[in-house]
Structure formats: structure tokens, C-alpha cells
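Some notes on the structure that comes next.
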Amino acid sequence: MKTPQEYLDSLRKLHLTVYMFGRRIDNVVDEPIIRPSVNAVALTYGMAHSPKFEDIMTAKSHLTGKQINRFTHIHRSVDDLVKKSKMGRLLGALTGCCFQRCVGMDALNALSIVTHDIDAKCGTGYYKRFLKYLAYVQENDLVCDGAMTDPKGDRSLPPHRQEDPDMYLRIVEEREDGIVVRGAKVHQTGAVNSHEVIVMPTLSMREEDRDYAVSFAVPSDAEGITYIMGRQSCDTRKQEKGLLDRGNIRFGGHEALIVFDDVFVPWERVFMLREHAFTGPLVESFASYHRQSYACKVGVGDVLIGAVQTIAEYNGVDKASHVKDKLVEMNHLNETLYCGCIACAAEGHQKPSGTYYVDPLLANVHKQNVTRFPYEIARLAQDIAGGLMVTLPSEEDLQSPAVGKWVEKCFKGRGDVPTEHRMRILRLIENLTLGTAAVGYLTESMHGAGSPQAQRIMISRLVDMKEKQNHAKRLCGITEETPRE
Amino acid sequence: MKTPQEYLDSLRKLHLTVYMFGRRIDNVVDEPIIRPSVNAVALTYGMAHSPKFEDIMTAKSHLTGKQINRFTHIHRSVDDLVKKSKMGRLLGALTGCCFQRCVGMDALNALSIVTHDIDAKCGTGYYKRFLKYLAYVQENDLVCDGAMTDPKGDRSLPPHRQEDPDMYLRIVEEREDGIVVRGAKVHQTGAVNSHEVIVMPTLSMREEDRDYAVSFAVPSDAEGITYIMGRQSCDTRKQEKGLLDRGNIRFGGHEALIVFDDVFVPWERVFMLREHAFTGPLVESFASYHRQSYACKVGVGDVLIGAVQTIAEYNGVDKASHVKDKLVEMNHLNETLYCGCIACAAEGHQKPSGTYYVDPLLANVHKQNVTRFPYEIARLAQDIAGGLMVTLPSEEDLQSPAVGKWVEKCFKGRGDVPTEHRMRILRLIENLTLGTAAVGYLTESMHGAGSPQAQRIMISRLVDMKEKQNHAKRLCGITEETPRE
Amino acid sequence: MKTPQEYLDSLRKLHLTVYMFGRRIDNVVDEPIIRPSVNAVALTYGMAHSPKFEDIMTAKSHLTGKQINRFTHIHRSVDDLVKKSKMGRLLGALTGCCFQRCVGMDALNALSIVTHDIDAKCGTGYYKRFLKYLAYVQENDLVCDGAMTDPKGDRSLPPHRQEDPDMYLRIVEEREDGIVVRGAKVHQTGAVNSHEVIVMPTLSMREEDRDYAVSFAVPSDAEGITYIMGRQSCDTRKQEKGLLDRGNIRFGGHEALIVFDDVFVPWERVFMLREHAFTGPLVESFASYHRQSYACKVGVGDVLIGAVQTIAEYNGVDKASHVKDKLVEMNHLNETLYCGCIACAAEGHQKPSGTYYVDPLLANVHKQNVTRFPYEIARLAQDIAGGLMVTLPSEEDLQSPAVGKWVEKCFKGRGDVPTEHRMRILRLIENLTLGTAAVGYLTESMHGAGSPQAQRIMISRLVDMKEKQNHAKRLCGITEETPRE
Amino acid sequence: MKTPQEYLDSLRKLHLTVYMFGRRIDNVVDEPIIRPSVNAVALTYGMAHSPKFEDIMTAKSHLTGKQINRFTHIHRSVDDLVKKSKMGRLLGALTGCCFQRCVGMDALNALSIVTHDIDAKCGTGYYKRFLKYLAYVQENDLVCDGAMTDPKGDRSLPPHRQEDPDMYLRIVEEREDGIVVRGAKVHQTGAVNSHEVIVMPTLSMREEDRDYAVSFAVPSDAEGITYIMGRQSCDTRKQEKGLLDRGNIRFGGHEALIVFDDVFVPWERVFMLREHAFTGPLVESFASYHRQSYACKVGVGDVLIGAVQTIAEYNGVDKASHVKDKLVEMNHLNETLYCGCIACAAEGHQKPSGTYYVDPLLANVHKQNVTRFPYEIARLAQDIAGGLMVTLPSEEDLQSPAVGKWVEKCFKGRGDVPTEHRMRILRLIENLTLGTAAVGYLTESMHGAGSPQAQRIMISRLVDMKEKQNHAKRLCGITEETPRE
């Protein structure tokens, strides 16, 4: 397993083509807006070396028997699934942001199921290829970006009927040594701090869309790949001199557009080639795993709740009954989320490949709650934090010889708490509810791993309505009672 | 394990003193208002003989190794805890009401932990006594009422300072062969269909209240015990000739006041005698188990959702997008509840006695959701059911030679559905949202196993706020970052 | 204006054909299940004679200049509309139930607009007829049932395509002296305590449905009319000897099916005859007025809040911060409802006939909230009331020589409060949240004046989305900024 | 009435001492971060000259009979109160932000009531002084900042017991020609674009705090006043070259700390001097008026709803039933807010000074809803907007020769909509839900005019609980029924 330093070194060695604000970025590791997202991933390496957390952060490879980072592991038991949820909460709490490494883990696990299933049905040899690739990822302890969402263009049309054929990523050439692909993946969380990009189709496809039914892995700096960074609320505060106004002084996330401008993929890295019937299962498997992954928001919720308890104390209002009650509500909602990610893991089961799969109904139910509760937790956080969170002057004002004394004097809370500490904790709450981390804690909670309506459709499909109707009809005498007693 | 018939026979043999509407009831089994609650318990016997469900409904006694009804089992693993949740959902769905037998199971499990702990601390011999009693219960497959809630009188005063000393059940005499107790237990769900009553104190007590710190078991027809039945919304419909207007034509619940007018308890049935320091742990253990038990409401929710899907079909509106969406929401809420009862079981752990205990934080979180979601599910049910649910004439009108034809004609829905079926399913929804079953699905969900505020207090105590604050303070730079990466 | 006694006398003189539980009712005034609904209407007469409330309860007829009961008045100003909302809240608070007389007032006002509009378009003479009828109603101070909802049969088909042509009320014969109609009206709140029935079509119709496009008034005991009473939760408690278990000891509502089996209507009472283009406007006008009428639920909410404050005091928990906070929430929701019925009145405007009409968007918004907030208020009420509300023995147990002493002793709350008072207030809360009044406070709030989806469709139609989009597009630079500064 | 240009000119003439990012600002009009807030106020001048809106935007001065900007008007009728609410919604919709001028209007109206009341009780002459000042404000069409909130220090201590006596603004010297004051006002919305600052105490005070019981007006550039600007989420985007990433390309708000470092106030501008008994009434009057002022958020809601409808169309999903339903919900919530600000105005009444005052209970109820609904509207907005809102590259990327083509291609939605338009509307939604305008639409909705708990306390005080209890007790027979029928 790599150390954080080895991870940073490995990133520096990549030749990524990255643009931000219309300009090319030479070195993502040292770019101030990107660096916090590198720090977050680095922590996933560091924690794996912590004896206290090794049970959660690492696993034994079923390929090699070696201890590996859990992010590269294929779940082999219900216990693995439960630990995945716990790892998500832990890292969410330690980083206070989206730590970005789960998506690759989810892609690997989904592929471990579906490549096996394709082979069983079509007599192909994807699973073996996949295991070889997996061994490489485990051996080198790599960060994989799981890339699913295409630009999609006109959403009422399937891929092959789009005016611009590149609206979904597709095979444009088949060569002796591999394939050439073209297209793009949008909303890529944690793209430029990854070593690998694992591409999957974004929806269930039919025969006519077979050129779009493709899955593969490429190194993140493969020729033809360009990254364009997305903006986040308050992103440029990371470029400012001081740290205080950032709120979270070390960690953050990023999102990018990845353009594939005729990228070559050798055969040994191709995991699906036009088997369109398996696009649906791959999307669904990945989505279920990834919906479970929103366990991380419970950890970010822990940070926000901790920050709110702290500002309540700094403001001297932590004993007020309405403040205590709102904190109970925040905890209640946060732990209800935790129940969801634990339950879908605890109710997991084994697939033919041997991989353990979460209960898909409960994973969807969990994610649906994630699209709601963080917003309410954030609203309650703003309630207790007070208006100062959005009227606070800058760190430069606090440091200013001219007006620093006024800032110091007027924004003093409880006597024993430095004004600077009060400002720091308020900036953290701002960060989580309006700033860069709100992008992850709120909007990503809404749309990541599928927008709310996607989960509702799945819930509708996965519940057994007939059985429920049978219960009801029997109890009111429409159908005859089975003589059970 | 008894059969349902053997259970009915055993009830007939009891000499219970029961009052309802100011009159003494001779025979609870044949009293029409009480019978449905007997039927519900009978089903817990019947289902244990079903090969399909034996894994859920039965367990292997850790005392004798024999197969026993799970309701008399002490949880010996996380798997036992999970199956308890599943048994609750199953029986809730099969009966559409509170089936009343969980409270005794929760009392037995709580006593298995606390009698062991008292012995360890005080050198007493309760655990052995308890195991002997447990063997008797398992051997005879008995229904136990777990009796906790006292009248309480003035809630601002402890037991020993009440004007009327009987406001909490207490020891009034200590004899050579046992003790004599006096007092009452209120809100007893499933009292007069039980063989045994297991009494526990209702709150954490101090030295001065030691005479109230008592736990024991008595046969339900012990001398000095009187039952007074509580009324339920629509209770007298069960006395009417027809079945249709009942909604649920076979099952129901009941609540009773149990008066202990100087009841003798022999020593071998006394499990706590003035060890006041253990009243708190006993209350908390029982409460956590019993909060988990609200798994049953998920099953009742299944019935209500099934009924609503059915009436939507009968009304011909099941394809309307808003109807489908409301059904998704009902399912989503119901499955979120399921996540709670599964998670608190899956996160269970072993206590010194060997008994497995649920995660108390998550059990409280689960129950807190139970105080909310069934109300919203019921509201949505009434939305889709339509106003007819409360304007429908009686079954007698439907059968009437004079006006039956009008009822038949005017309340016809979709062409292929008999008016009577539409009436039946509407009556079931009325039963669950306003009638006798609403008492269990709604009000009992609110107050059973502790009112909402009780759970909020426990949530407040059980979360680790300091840890959350540490995360927050480290991330914004108030405390130094642990060098983790 | 009639006195309550004169109203009762006038009811006794009617020859109504009423069925309940399959049996014909001779005299609705003295039937115990129906009487409370007669009492509620009687109060609308009594209050009109109260000097303190005459400003709210009465108005000056624009036809005769005489003082009349406001329930027979046509709104002539914004102030009239506002007073209508206040009258609703007042009577809701005084009766604690649906007082049933608003629907006729709403029918009269809607007809005053639409008959005028039909005449203007079609050169008919309905408005004059209507005014003559109105003068008769005002002069005799009559209760009118406004009858709109038809059985509807298969909801996917228009009236003329129903298998059974009577699924919507229709003209079956046109005679020299009038018309003959056949069909039925369902969900009729306050039918058998009315003097008149005013029939309106239930939906917007097209040319092919012209025989169904009919509006008229008939005496409630016209030949061919049969009433079949609907059941309500806990209805038969009104037949029991004691009053306590009823909760609300005097007032209640009722619902009935009205069958029109070839009923003759003379021309002077016909207000629409096949002018199908005006069915939509009539439905919409009536619906908007009637949605405003749900002001009454604010008054019923006042009763429930008052009851909950009282039980909190009786239980000795009224100072607990969570109890106080829940009561604030109940009041907040209740007053938010009040804002809705005041705002739609305050934003009213005059129609060509001179009648004042509520703002239809805000009336729909108000009613939509009525489909939600009473359910949450009721849930909070059950929270504070405690479980005793559903486990309380009957009044007969309290009076019983055998067990009355136990009931008295065990259900005693605060020392100075008689157990009987505690039982009474709990039974009132039960009545409002599960019993007969829950039918009005909850289910009728959901479906009366149109189910929730009906309001959502109207909200969708009535908001000016284009204007909102113009604001947005201008602000972000998609369209050019109008040079306004 | 001034034109917008005259307003800008008048601002340039002020000698304000303003700091931002630790640096002094020479000219607020041309400072890019401040300018949008100047534009918003300028619009309040421009709209007053619009013939179409003069009825809403202007009024007739009751002092001079001249047409004046409504923002300087004293409400003389219910109609004035209603128009104030409509003006708020209108300007909220036109600016998409907090337009900052209502606070001065609310201060003037509150002082018109309380100065009159002080005189009546204490024989002082404040009202006459106030009217003279009012005439000056009206004549010169000035913007007044209403300054209430003090730093407060330790919230558990009253002003005179604070360690630092300047934690509340106070009189430090009384001179022949006036008084000298010291202290600060925090959270000042729209401070540096005002001509005047009207200071009021922030809470109800007792005798010992009399030096803090002071109200007065000073020119915004009075000697001794220093402004320190607060930061807002995404504030520095206004300093960037392009306009697109701002979302709202023209308007915004600002918040500032105002330090009073021994500022002199001449007697004719002092409106309260140690009459501590009237601090409570002044705070309450101002708060009620200002809670009504949150009518503006309905207008901002209109913008957000319009933006969401637009992005739904651009994404081609505006016909999806769940999208339509969410838009109905957003409108429903927004119009429910509108009902609140209309109802508290419509239920207004006259005070002894002749000023019309809103219904304080309903104003508090309205504001309480404002602390909730905008958060839910914003959540739904993010739901429909899609994840792109937070992953979109910068305007510079769109313009970049290197990657602009990819941005253009990949973020294309519906065929006929330019990518740039899609980006603009998404940036507006970002601005309103996470960016600078979220500060006003969300956090200010929470805390402006008092935090949620302040309204709950007022609701608790203002409802008549005894009357509600009387209704309940009478209905269940605890108290005797008044013979009303």
C-alpha cells in the first residue's frame, strides 16, 4: 500500500492535460484550488497505515491474500459491505468533504459482477481480463475514477439518434490491438487526482446503440484525454493568502469534464464491447453500490453537527432548549441516514462471481434520504449558527491594523473564546452549507449516484406490490384467508 | 410448541378477572371485541409451525437445544436480532395490527441481561432463577405480557413522594415464601390474552424508592389481579353482526389497565428486589429492545400500502402520475423504517450474560421515525383512498332490500370490481387510519416503547458530540491537525 | 332570521326519506347519531341573534336591505369575503366540527356569478330566476345543501360514455312545467338537516354531455329523493347512554348519499339547462369559494390546540420546553392556515354580477395547506396527549361500582383535576384525531372542495410562469435588461 | 423624488469610511463588489418614476400631500400596508436579491408609533422632532439604514453588566447641543449605500440599562462612523472580468459592521433618550413591520421558480410529471408565503399616532414560514436544475480557444438553446441557492428581522390560549355550555 507521499509523487509523474479558467494547469498537486482534493485522497492512503483503523481501511485481497487498501477491494462478505459503509462515514468525518475515491471502488465491484455475467451468457473472457486489471490496481494501490455520466444532449433521444453522435461516448474504431473511443464524461468527481479512468455506459441500451455499449479502463493521462475543471461556489477563496476564510483549511473536492478525443484502449483493458444487454445491469450494479457510498455524507454530517455544537457553545446558547432540540434533530436525521447505509449492506447477498452486492431496494431508499436530510441538517445548522455566518468580515479585516481591533471587539462571543476561533468555526459552517463543501454535501447529495427521481423509479420497481396487496385483500375479506392458525 | 388450538384452550382454562364497559367478562376468547386480539396471538403460534417461515418464527433454545417459538427465545447472535426484526415485519403484514406478543420477548431478553449484571455486582442469584423461569416459559410456549408503565400520578414527583403511594407498583409485604405487591400497570397491550405478566419498574430509581424497585413474574390469573379493558376507536363495530364494516375482519389488538391488589409473588419468580441501581439499566434495556420491536409497523405499513394500491386500481387511477408518486413515497418511508430496525439489529453486540443487545442509539433513532412516518403514510393513504372512505354507508345499507341497489349502483368503481370489494378495501384503510388499527398503527407508534421525547433524550445522550466537535475544530484550524497523511 | 327553535321545528315538518344501517329514519331531529349535526346548524341560527357577533354572522341583503344570516348572503365587498372567513373560524371553534352550512352559501354565490354570465352570453334569464330564489332563501332563512359530486363511475370516461348513464346526474325528461332529473350526489355533508338542495354539475363538460349540464334547486323533501347516511368512525358512540365517551358532547357532522330517482324541478328553479360551456366556470367558482370556506378548520384547530394545552396542564407537563414548542408549532400551522383564508379574501375582486370573488390562486393555495397541516397538528396533539387517549376505559367503567374506584385512582393526573375531566378532554382529542370529528378535521380537509391534486392543477394553471421566467432571464443576461433605473 | 442618477450622484458626494479585505474603499459606487447593491437601491428610485407601478411604488405624504417614494412613507391605511407587501414582492422579483431599502421604511414607521406613545406617557416632544426629520427624508428622498442589532457579547448578561460596556450602543456623553454615542451595529444590510442611519435599541431594557435606551438618526458619513464590509459566498466573482459566472449580472446586496466611535448626535435627531420602558415596544413594532417586509422573498422566489422552469425547458424535461409537480410545490410554498404577508397587512389596524400597524401575530407567523420555505424551494430548485449547476466550467473556459469548443459541445442541452444561455440560467440558480444571493434568500430569511426562535416566542405570547381552552372545555363538558342556540 502506498503512503500519502508516494501517492503525491505518483500524481506528479502523470502527464495530465488539465484546464481551469481557460488556462492549462501544469501541476495539479501544487495548484491551490485543486490541492485540497489531492489532500483528501492522500488521507485515504494515510489512514490505511493507521493501526487503529486498519480493520476498516484495509482488506485481504481475494486474489493475492495480501493486505490492500479497501478502496481497491472486491466485497467478499456482508461484513465487507458493512465496513465499506463505516469507512465512508469515517473519511467523511475526517475530511469534511467528498474524498472522491469511492467511485472507483464501486466501478470495480460492479464490473466484477457484470463481466462474470457477460462471460456466463456470451462465452466471452472479460472476467479474467478484469481480474488481471484488478490485480494491477491492487498491487499499485491506484486511484480509479469511475466515469459514467455522458453529456446526453437531447434527453428524449437514445444515443444513436442524437444529432451529435458524440453525446454518448462510443467506439469509433476497432483495431487489431484495441479500440478507439470518442466522447466525454461529465460531472467527474475526483478526476485529476486519479491514476486510472474506468469508463462505463450511462444507461440501458438497445441493439441500435451497440457502439455505445462499451466499458474499459485507461490511464488518466492517456493520449487524447483533456480535463476541464468545474467551478465551485467560493472556489477562489483557496487562492487567497489566508486560510481562515476557506472554512475547511485542508480538504476539498473537485469536479471535471473529461473529453475523450479519439483515445486508444488496448484489448486487455476492454471489459464490455457492444454487449448492450448488459449495459442495464452494469448501470444498476454501479448505481446501487454508489448509492450505498453516500454513507460518507453521514461523516460530513458529523462534522457539521460538531461545528454547530461548537458555535452554540461559543455563542453561549448551547443550553437553550430549542438549540439542544435542533441538535438532537440534526443527529436524528444523520443517524437515520446511517441506518440506511448499514441496512443495505447488512441485507447484502452474494452474486455468481462471488462478489457481495448490497440490497438494491434499501440502497435506493438510503440515497433518496440523502437527497433530503443534508438540506434540512444544513438549514438547522444555519439556524443555530446565526446570521454572523454571512456578515462576517474577511480574515484580512481581522488582521488589518486599521480595523482589526473593531472586528476583534465586535465579534467576540463567550469571554474565553478567541474571536478568531468563532470566525473559524463560522467559516466552516459557511463552507459546508454555502461554500465549496456545500457542493458536495448538498448538490452532490442530490444528484450524485443518480438524481432523486432515479431512485424513485427503482423503489417503484423493487417493492413487491402484489404481496402487499395480497395481505390487504386477505385481511378485509376480498380473498379468502389462508388457514394459517 | 403449542398449536393455535392449544393456545385457545389454554386461555379458556385461565381464571381472569376482566371488566369492560363496567361489566365482568366471563370468557375472553369468545368476547367479540377481544377475540380479534386472541386471533392475532394465535397466529404467532400457527406461523411457528409453517415450514416456510420456521427460520424466522422459531429458534433453538440455548437452554435446552429444542426448537422453540422465537417469542420465547433469548437472542444469541446478531442474526437472531435481525430475524426478530423480520419476524415483526412478517407478523405485522399478516395481521394488519399489533400482534402483542413482542413485549414479553423484550422483557425476557432485558431480564436476561440485567439479572446477570445484578448478580455480578451484588452476589445475588437472580440469573439462575430467571433461567428456570425462562425454561418454564419456553417449555410451555407461553405468552408473557411485559408490564412496565405505572399510573405515575404527579409526574414531577418520585414514587416515594407521591400523595397516593400506589401510583407506582411496590412491595407492601415481605414474607417467608415471597412478597406481596400493590399498584397497577397501565397501557398494557395484549394483557388478557397472556399466560404470564412480567413486571418491571418504569423508571430509574434512587435509594428512597427502593420499595418500588421490583421485578417479577406472575400467572395472568393470579389472585388479586383485575383487568379493565381500554376503549378503542370503533371498538363496538366488532359487536355488529356483519364483518365488512370492521375493515380487518379477523385481527385486532387490545389495551388494558392491570390492577395489582395485594398480589403474592413467590421468591422463585422475583428477579429484582430493591436493587434500585439496576432499575435504570433494566428500563433502558427493555426500551431499546422494544423500540426495535416497532419493526412490526413496517409490516402494517405493507398492508396499508397494499390496500392503497388496490383502491387506486379499483378507482381506476393507479396509472395517474401523482398516485404512483405518492405510493413510491409511502414505500420509501416504510422502507426507511425497515432500515432502522435492521440497522440497530445488525449493529448489535453481546452482553456479559451472552445475550445479544441491539445498538441502543439506532434503536432510538428507529423508534423516533416510527413516531412520524406512519402518520405521513396514513395521510397519503387517505389522499389516494378518496373521501368515500368516510362517507360510505354501512354494510346493512348494502344488504338492505330498500336501498341496497342504490349503494350497489352509486359506489361502483371500475367495471369489473364488485362494489362490495371496493367497500371492503376502503373499510380496511379506515380501520388502519381512523379505526381500531389506527390505535396501533398511529397512537401506539407515537407512545409505545416510550414517547418521542424519551427517544430524543436518549439520542442526545448516546451520540458522541465531543468526537464530532474534534473533527470540526481540526478541519477549520482551531485545534491542530493530527498528522495523518 | 329564524331562531334555533324555529329551525328545529322547520326540520320536523319536512318529509325526508332517510336510511341508516338499512333502516328508515322517521325523524332526523331526534335520531341520536344525526342530532349533533342538527345542533351544529342550529348554532348558525343562534349566533346570528348574538349582538356580540352580528357583524360577523349577519349582513344586509343587497336585494331587500334587510338584515340576514350571512350564510344566505351574496358577497358585495372584500369586507364581506373577509368576514366569511372569520365566520368560518368562529363557528369551527364553537362547534369543534364541520357545521355544514357553508356549502349552500358557496353554491348561491357561485350561481350569482355564473347565471349572470350565462345570460350575458346566451341571452337567457337565469339571473332573474336565481335572484327570486335567493330572495326566498333569505326571507325564510333556509339551509341549502350545495350538491356537486356525482358517483362518476369509470373516471376515465366522460358522463355520456359511462356504461350506466346515471353515473352523473342528468335531465331525463323536459316537460312544459319543468324538467325531470335522475342520478345521485355523493359525499353530501349536512344533507338531511337542510331545507333545500342546490344541484350543480361536478366537472367541465362538452357538447356531448349537454344533458348532464344542469343546475337547479329543489326542496330537500322533494318526491323521488332518498338519503342514505354514511358511517363515520365511532358513530355509534352517539347511541350509547353516557355522553363522556363522545368527546364532543353536543356537536357533529354527517355525510349522506342523495339519490334522485326521477325528481321533478319546475322551471323557476332551473339555473342552467345544457349550457355546457358554463359548467367549467360554475365548478371553478364554487370550488374557489368552497376552498376559502376551509377557514372553518382553523376554528376546529383552535379547539384541538385548546384541548391539548388543557391536557398538558392536567398532566402537569405544560411547562416542559418540548411541550411548549409543540404547541407553538400547532399554533403556527393553524395561523398559517388563517393567513391563507384571509389573503384569498383580501385579494378578492368584483365580478360582472356585482358579486365579490376570492382570489382563486390563493384560495387553492389555502386549501392545499388544509390538506396537510391539520394532519400534522393532529399528530402533535396525539404526541402531547399521551397514550392514555387510546387506552382509557369507558365511561361505564368509571361509573361502575366494581371497578370505578380503580379507574378513578389510576387515571388521576394533577392533584386538583378530577379524573373525569382528564377523561373528557382526552376523549375530545380522540374525537378530533380518530373519531367522528376526525372525519371532518382530517379526511374532509383532504378531499372536501376537491382533493389535493385538484388544487395542484389549479395552482399550475393560475401562476404566471412566463412573467417569472422573464424576471430570471433578464437577471442572468439571457434577455436584455429593460432600462428601468 | 430622485432619479437613479441623482441617487448615484448623491452617494458619490458622501464621505464614507469603508473597509473591505482590510483596505479602505474610496468610492463605493464604483467598487465592483459593492456596486450591485447600489444598483438594487437605484432601482427603487427608478421604479417610482414608472407610470405603470406608481400606485405601488409611491404614496401621498400625509405631511405635505406630495407624491413620495413609498419607502419614505408612513402607512396611513390597510391599503398602504397591503401595497407595501406588493412592493416588496415586485422589487424582489426585479432584482433577484435583497434590495435593502425596506429596513429604513420600517424604522420610520416604528418610530412614528413609539415617539408618539412616549410623548403621551412622558410629556416629551419626540413626535414633533420625528415628523420634522421625516419631512427632511421625504423631501430629499433619502435611503435610511435602520440599525438595530448590537454585538451583544455575552448573551446571558444585560447591557450594563457586559464586561465591555460597548457591546451595546450607548450614550457616553450628554452635551448642550446633543449627545455622543459609542458602540456598533452588526449585520447591517445595505449600509454603505444609505444616506442616513437610524439607530434603535436591540432589546427590551430595564432601568439599569437606561444609557443604552437611545434612538436617533445620523448622516451615514457622520464623523466617527466606520463601515467594515462582510464577506459573502462567491463575493469575488464580482471582481472577475466576465459577467456570466455572477449569475445575477447586475444586482446584489451587502452587509456591514458599523462602528460608532464617539459619534455626535444633535438634539433634533434624538428620538428616545433613556425612556427604557419604550425600548420593548420600539423593538416589537420595528420587528413586526420588518417581518412583514419579508414579502420580498416571495419576489426572489418568483425569480428562482422562473429560472427553474427555464432550465427544465432548456434540459427538455419540463413535461416530466415529477418536474411539473415540483414546480407546483415551489409555487405553492411561494404563494403560501405571499398569503402571510398579505394577511398580516389586511388584518392591520391604526395606532394612536394614526400610523397603521400590521397584525403582529400574523407577521410573526409569516416570518416563521420565511425561515423554512425558501430552503425547501431552493432544494427543489437544485433537484430540477441538475448536477451541472455545480460542475460547470468557468466563463473563461467557454471563451477559451483551447477548450471552448468542448464546453460548447458537451454542455449543449435542447437543440435550439445556446450553451451559453444554459450556463447563464444555471449560474443564476447557483447564485440564488449557494452564491451571493443565497445569503439573502436563505440565511437572511432565517435570521433577518429576528431568528426563528424570536418569532416562536412572539407567537406563543400573541395567541389567546385561554379562549381556545374555553372552547375545548365547553365542547367536552368540563365547563357548562353557554346557552347559545
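Should a chain be cited, it is by its letter among A, B, C and D, assigned in written order, with residues numbered from 1 in that chain.
Definition applied: a residue touches a chain if its C-beta (ideal position, glycine included) is under 8 Å from a C-beta of that chain, and two chains touch if they have at least 3 such contacts.
Since the model is a prediction, treat every value here as computed from it, not as a measurement.
Where chain A touches chain B, the two copies mostly use the same residue numbers: shared numbers make up over half of all numbers in play. For the pair chain A and chain B, the distance between C-alpha centroids works out to 39 Å. Note: centroid distance chain A to chain C, computed from Cα atoms, is 51 Å. Counting partner chains per residue, chain C has residues 322, 325, 456 touching two or more of them.
If each chain is drawn as a node and touching chains are joined, the picture has every node linked to every other.
Across the interface of their complex, chain D is touched by residues 321-322, 325 of chain B. Across the complex, chain D is touched by residues 4, 39, 42-43, 45-47, 50, 82, 93-96, 243-244, 247-251, 302-307, 309-310, 324-325, 327-328, 331-332, 335-336, 338-340, 342-347, 361-362, 365-366, 368-369, 421, 424-425, 427-428, 456, 459-460, 463, 465, 467-473, 475-478, 481, 484-485 of chain C. On the side of chain D, the complex with chain A involves touching residues 19-24, 151, 153-156, 163-164, 166, 184, 186-187, 226, 228-234, 236-237, 245, 255-257, 259, 315-317, 320, 322, 371-372, 375-376, 379, 382-383, 386-394, 396-397, 399-400, 402-404, 406-407, 409-415, 430, 434-435, 438-439, 442-444, 446-448, 451-453, 456.
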